[in-house]
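Following are the structures in question.
Two complexes follow with chain A in common, the first pairing it with chain B and the second with chain C.
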Partner chain A sequence: MIIRELIEKIEGEAELDFTFNEGKIEDVQINFGFYRGMEEILEGRDARDALVITPRVCGICNHAHLITAVKAIENGYENAGLKVALSPKAKAIREFTLSCELMQNHMTWFYMTILPQLEKLTGEISTQNYALKASYFSSTVTKAMSIFSGQWPHSSYAVPGGVTCDPSYVDVMQAENLIDECIRFFEEMLTGLSFEKYLSLNSLSSLGSVEGDLGKALWLIDKNEMAEAGQSHDRFIVLGDSVLAKPGKAQATKVSNVALRYVEESVQTGTTAKAVSYKQKLYEAGPLARAIVGKEPLVKSLHKRYKDSIFTRVFARVHEVATLLVQSKKLLNALQLDEPSCTLGKMLEAVDFEGEAAVEAARGSLIHKTSVKEGKIENYEIIVPTQWNLSHGNEKEEGVAVKAMVGSKTIQDATFIFRTFDICSVCTTQ
Partner chain B sequence: MASQKKLKLLWLQSITCNGNTHSFLNYPDLATLLSYFEFVYHPVIETPYTIEEVAKGKLECDILILEGSFREEGFTRGRVEVSKIFTAYAKRAKHIISAGTCATFGGIFKAYDPEYISGFIFDGEERTARYETYASKLISLPGCPIHPKWLSYVLMMLLKEKPIPIDELHRPQELYGITVHTGCTRNEYFEWKIDSKGFGLKEGCLFYEQGCQGPYTRGSCNKILWNDTSSKTIVGTPCFGCTEPSFPKRALYSTKTNMGIPATMPLGVPRRAYLTVTGIAKSFKIKRFEERIITYDH
Partner chain C sequence: MSMDKQDSVKSLFTAQSAKVDTNKGDAYYEALYTQCRARLDDLKKLAPLNNRMDFKESIEEEGLERRDFLKWASATTAMLMLPASFTPLVAEAAVMMNRVPVIWIELSDCAGNSEALIRSDGPKIDEIILDIISLEFHETLMSPSGHQAEKQLEEAIEHFKGKYLLFVEGAIPRGIDGYYGTIGAKAETFVDHLERLAKDAAAVVAVGSCATFGGIPAAAPNPTDAVGVMDVVKGKPIINIPACPANPSNMVGVLLHYVLTGTVPELDSLLRPKFAFGYRIHDNCERRGHFDAGEYVEEWGDVGAKNNFCLYKVGCKGPMTFNNCSIIRYNEGVNWPIGVGRGCIGCSEPDFWDKYAYERPMANANIKAPTGGVEKTVDEFGLGLLTAAGVGIAIHAAASVVAGKKSEDSKSEENA
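== the complex of A and B ==
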């Protein structure tokens, strides 16, 4: 028996075809609809126009597209023989603004997807306005980022050689204050613990002291007997280099090196989304992958008990906010404003180059590849994180999210598992 | 806070990146605004109806908010063609707001299939066949994305039933009567025709080399600051003209010039007037504008 379910409020929508056998889900076909042609829109344009066009792939991870696009151009310049050396200041500012976008995304997902869906699933409906909590955190952290990026969404402030902003210490102070406000939110709303106390948690058993909205979510997952649900291949990939993790892949606890050339994209039938694999194997991307590859102690402690279940996956994404808050403070504190913001004076305009880059976006590794002839884009390729998690799979194995959903007894449970991957429909159907 | 009956908002999407949705969600005064309105449907906020219920076209709504580029056929929401859903609610609603450049003019996604993709009521700056039917209800809010305060202003004016002065493209004059150049922190450099010596500097105007479209782009980005804090030009990024029917143009980080003079003049300024002023301004060398504003000692 196949049941078709429309999933909405995932930055667009998707249709899932669930195949049931003896009361359990045996297979899931994930279908995304409309293709917007982003890669074609870029063809024939100036190489740097990608810095304005690609953020418009996605309203929620636009900044990650900007940072990936600029790195792909810089990689291309280097391949064409131009040395690109960013100042530590420009590098840190880019890392800071990208970190802010990740935090914005995670908290929006937690408050607007996970909590309301968990409440529906368990029948524990509260009168809380989670959207306003999401909005408060999100507007605070995107304000901090806009001090450098000018705006969010859709900034284009990263250019080859650095950033366009030239901040003062007044700007830095404002950003620090806003990050402190985010920490206060983390303490008072999210965890009910002082930030110091939260950061000292080091084991699964110590999680019992977490209260606030995170404590509630973990309790609801447990109450619904879903703590072990949603396990998949237990295989993870990180291709971008970030403050969270170095590139690498992990099979259970074994971490090894990765290279972009082994990433393969393939067309799938029945959907506009392309599949992506690494040496023909399917990997989970995103915060859980970064925590496992980066050997984050608390997430590893949960993983030891629950493997790659929704409990670990949901926790890893929220926990990443804490790590990013710590890193953001460090990045801001270390800024030396007398360093140059941009080290490339003249851009390589009418040249040929091929460049590629991978960046850790909110949902995982994002890849851009640009081929430029006489300064114009001849071909542009974008591989988004959701493709890693939502591929249907190949002859040998099921896709990551598909495997996580298989075995569920109800469509409600399965779609909740689906949402724990933080699906982004618009990215997937660029 | 709000005692009167809340107005019903219906937020629908077609071909979009969700940028306007998220820009709106980042509005610091969202709680206050939402105390006056209720969402019948919103693409990310929890609302009482599913998209499939919305798609039947039978719900009540006072204000229809549209996001995304439009095409007659081939794009569905809740398994129904959006053109059908949009039309059903455009007829029912008292007001229509096109939120963002895509919904207003066609925007970035129009570039993929210019013949079939447009805004709902305008195609670029041309009126579509729908104009006659819906023009009396329409407020255009172009921008990629919209600023949440622009939307908030329109919603509050509609709530209070106050008139909103608009231009020929139905853009509120309060928001689009000025250019992005208005209020830019680099104005002094523009006055004296001092170009920025590169990216990443506080000093210099971006109009001459870096492609800034601020002087001829309608918008209030430097008056109503982004995220209540900044703007593209403040942080040294050129304005890309994202509120205009022509967005996105090409070669966005460099200024097209004729004989060393920007090819596009500041809005409404005759070329001869511009050249005269430039000639005078450039004949003086003013030391302060050649120097860095802050010098760090070691």
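== the complex of A and C ==
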């Protein structure tokens, strides 16, 4: 028996076709009805046009696209023999603005998707205005970001060699205040704990003291007996280098090295979204992967008990906000404002090059590859995080999200599991 | 270049753009005031649509102070180019935003405009938007999903037939019979979906450059044959709010104008509200003084960049772009691209992907300038280049003057 279910409430729309066998889900086919042809549009344009075009692939991860695009160009310049030496200041500012995008994404997902869906699942509907909470945090953190990036979404402030902004101490102070306000939100709304107290939690049992909306979500998952649901291959990948983790892959908690050249993209039937694998194997990407590869103690202790279940996955994403808040304060504090913002003059520019870069976006590793001839893009490839989690799989194994859903008894449970991956169809199909 | 040509270019570039008539005379405003008053009194008689909070309650609940609210109202009144005496009316209209049903759909988009909207003017004004406007349907913001959401949409169309405002985000792909973009269980194409929803709408608001002009999906070679709303919807009032993303203040402005007057705001020849698109970025740019003084950033990270010089030579398209970001900025007014030393990319202009959205200044781009003129480098320039830009602007201004005439005419008809 095949039952078709439409998923909205993610960015864009996805369609899931469930096959049931003896009251349990046996297979899921994931489809997207949407195509824009972004890679085609890029062909033949000036190499740097990718900086203004690729962010428009996705209104949520637009900043990650900008950062990946600029790094791919810089990588290409270096491959062509040009020296691109970013100042620590420029590096830190990029890292900061990207962290802000991750935080805003995670909180919007938590408040607009996870909490309302959980309430529906358990019949514990509250009258809380979650949209308002989501927008309060998100608008605060995107304000902090736009002090440097000018706007969110769709900034283009990063250029080969650095950034265009030249912040003053007042700007940095303003950003710090906004981050402090986010921390206050984290304390009062999300966890009911002082930030210090929250950061000192170190084991699964200590999680009991978490209150607030996060406490509520964890409690609801538990109450619905879903804490162990949604386990998949227990295999993780991180390709970008960030304050959260060094690149690496993990089978359970055993971490090893990765190289971009083993990433493979393949066409799948029935959808415009392409599948992606690493040495023919499927990996989960995103905050849970970063926490496992980055050996984050609290998430690891959850993982020990619940493996890669939705409990661990949901917690890892919210917990990443805490880590990012800590890191972004550090980044701001360490800024040396007298360093140059941009080190590459306009005269320095390679015309023939191949460049690639991977960056950790909210949903996992994002890859751009650009080949440029006589200054013009010959070929541009974008591999987005959602492709890792949503690939259908191959003969040998099921896709990551598919495996997580197989075995669920109801469509409601399965679509909730699907959403814990923070799915975005907009970028997947481009 | 001859001296008087130089002078004329100079005067073009230093002139206030005179297309927006900000003072239409007392008689006009008095009549408008009466009209708005009557409209608001009528709306007041309607019950608020029940899926949204009452504004007065939420002011207290969220601790929004009356004073802050009035401050917002007077800023918005100014943005809508109405005299200050309209401020109480605007405040009243904001409270009654929940009397006008809104349906919001996303087609070939990146969801960036919705994202910008949810992150608009801080918790206080967000609350007005999220809680007060009667969003009868919005895929991302509403709680039901899948079949349930589809049902809700059908009910909303039926119930508010002829009364709802349809907000559209995203372009419409027409290639392979529209099958590059489908929606819902029956896989209705975006073209059909839009036509069906527009049929019963009071007016259609195209939000963002994708919905207005096809935007990035329509960039060459336009793989999916994407177009904007005005190429699909016929016989309905259409309001275009371009830019990428569209500025939330302008979305709220259009809505508020509709609540206040029951009509669409005055539009230019590209159907853009004049209150937002009557000026060039360049007219109100904070770096304008440096432009006039000939002080430019020559390359990223140079002394000019440190001193916030004009970005024209590193590709700023502000002189060719009509929009109000230089006044209202982004992310609650915190900043905007030029504020961080990044030139404007002309994101609210038609075909900006192919005409403006690149790193180079107009002169170095191997594309036809608006004049179809010769390409020169900036250093060879300057005024040759400025002429190119200037003529483009002159053409635009002429188009707007024609549009302006029309409104004059209709005004005299009204008065007759």
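Note that the second predicted complex is superposed on the first by the 426 of 430 C-alpha atoms of A that agree within 3 Å, B and C clash if a C-alpha of one lies under 4 Å from a C-alpha of the other, contacts with A are read in each partner's own complex, and residues count from 1 in each chain.
Rule of thumb we're sticking to: a residue touches a chain if its C-beta (ideal position, glycine included) is under 8 Å from a C-beta of that chain, and two chains touch if they have at least 3 such contacts.
Everything numeric in this text was worked out from a predicted model, so none of it was measured.
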Based on the superposition on chain A, does the combination of chain B and chain C result in a clash or a fit? clash
Which partner does A:I53 contact after superposing on A: first (chain B), second (chain C), both, neither? both
Contact-wise, after the overlay, does A:P116 reach chain B, chain C, both or neither (first, second, both, neither)? both
Using the touch definition from the top, say if A:D166 reaches chain B (first), chain C (second), both or neither. both
Would you check which partner chain A:K24 touches, where first means chain B only, second means chain C only, and both and neither mean what they say? neither
Is A:T108 touching the first partner chain B, the second partner chain C, both, or neither of them? both
After superposition on the shared chain, which partner residues are touched by A:G37: those of chain B (first), chain C (second), both, or neither? both
Between chain B (first) and chain C (second), which does A:K409 come into contact with in this model arrangement: first, second, both, or neither? neither
Kindly classify A:K330 by the partners it touches after superposition: chain B alone (first), chain C alone (second), both, or neither? neither
Taking the stated contact definition, name every residue in chain A that is touched by chain B in one complex and by chain C in the other, in rising order. 6, 8-9, 11-13, 33-34, 36-38, 40-41, 45-46, 48-49, 51-53, 56-60, 62, 104, 108, 112, 116, 129, 131-132, 134-135, 138-139, 142-143, 145-157, 159, 161-166, 340-342, 345, 347, 426
In their shared complex, at which residues does chain C touch chain A? 62, 106, 108-116, 118-120, 122-123, 126-127, 130-131, 139-143, 145-147, 149-150, 173, 180-185, 187, 215-217, 219-221, 223-224, 226, 244-245, 298-302, 305-306, 314, 330-332, 334-342, 345, 347, 353, 357-360
Sort out for me which residues of chain A touch chain C in the complex. 4-9, 11-13, 15, 33-38, 40-41, 45-46, 48-49, 51-53, 56-60, 62, 104, 108, 112, 116, 120, 129, 131-132, 134-136, 138-139, 142-143, 145-157, 159, 161-166, 340-347, 426-427
Using the touch definition up top, name the residues of chain B that touch chain A in the complex. 13, 15-23, 25-28, 30-31, 34, 43-46, 50-52, 74-79, 108-109, 111-113, 144-145, 198-202, 221, 226-237, 240, 242, 248, 250-254, 294, 296, 298
Provide the residue numbers of chain A that touch chain B in the complex, in ascending order. 6, 8-9, 11-13, 33-34, 36-38, 40-41, 45-46, 48-49, 51-53, 56-60, 62, 90, 104, 108, 112, 116, 129-132, 134-135, 138-139, 142-143, 145-157, 159, 161-166, 168, 174, 337-338, 340-342, 345, 347, 349, 426
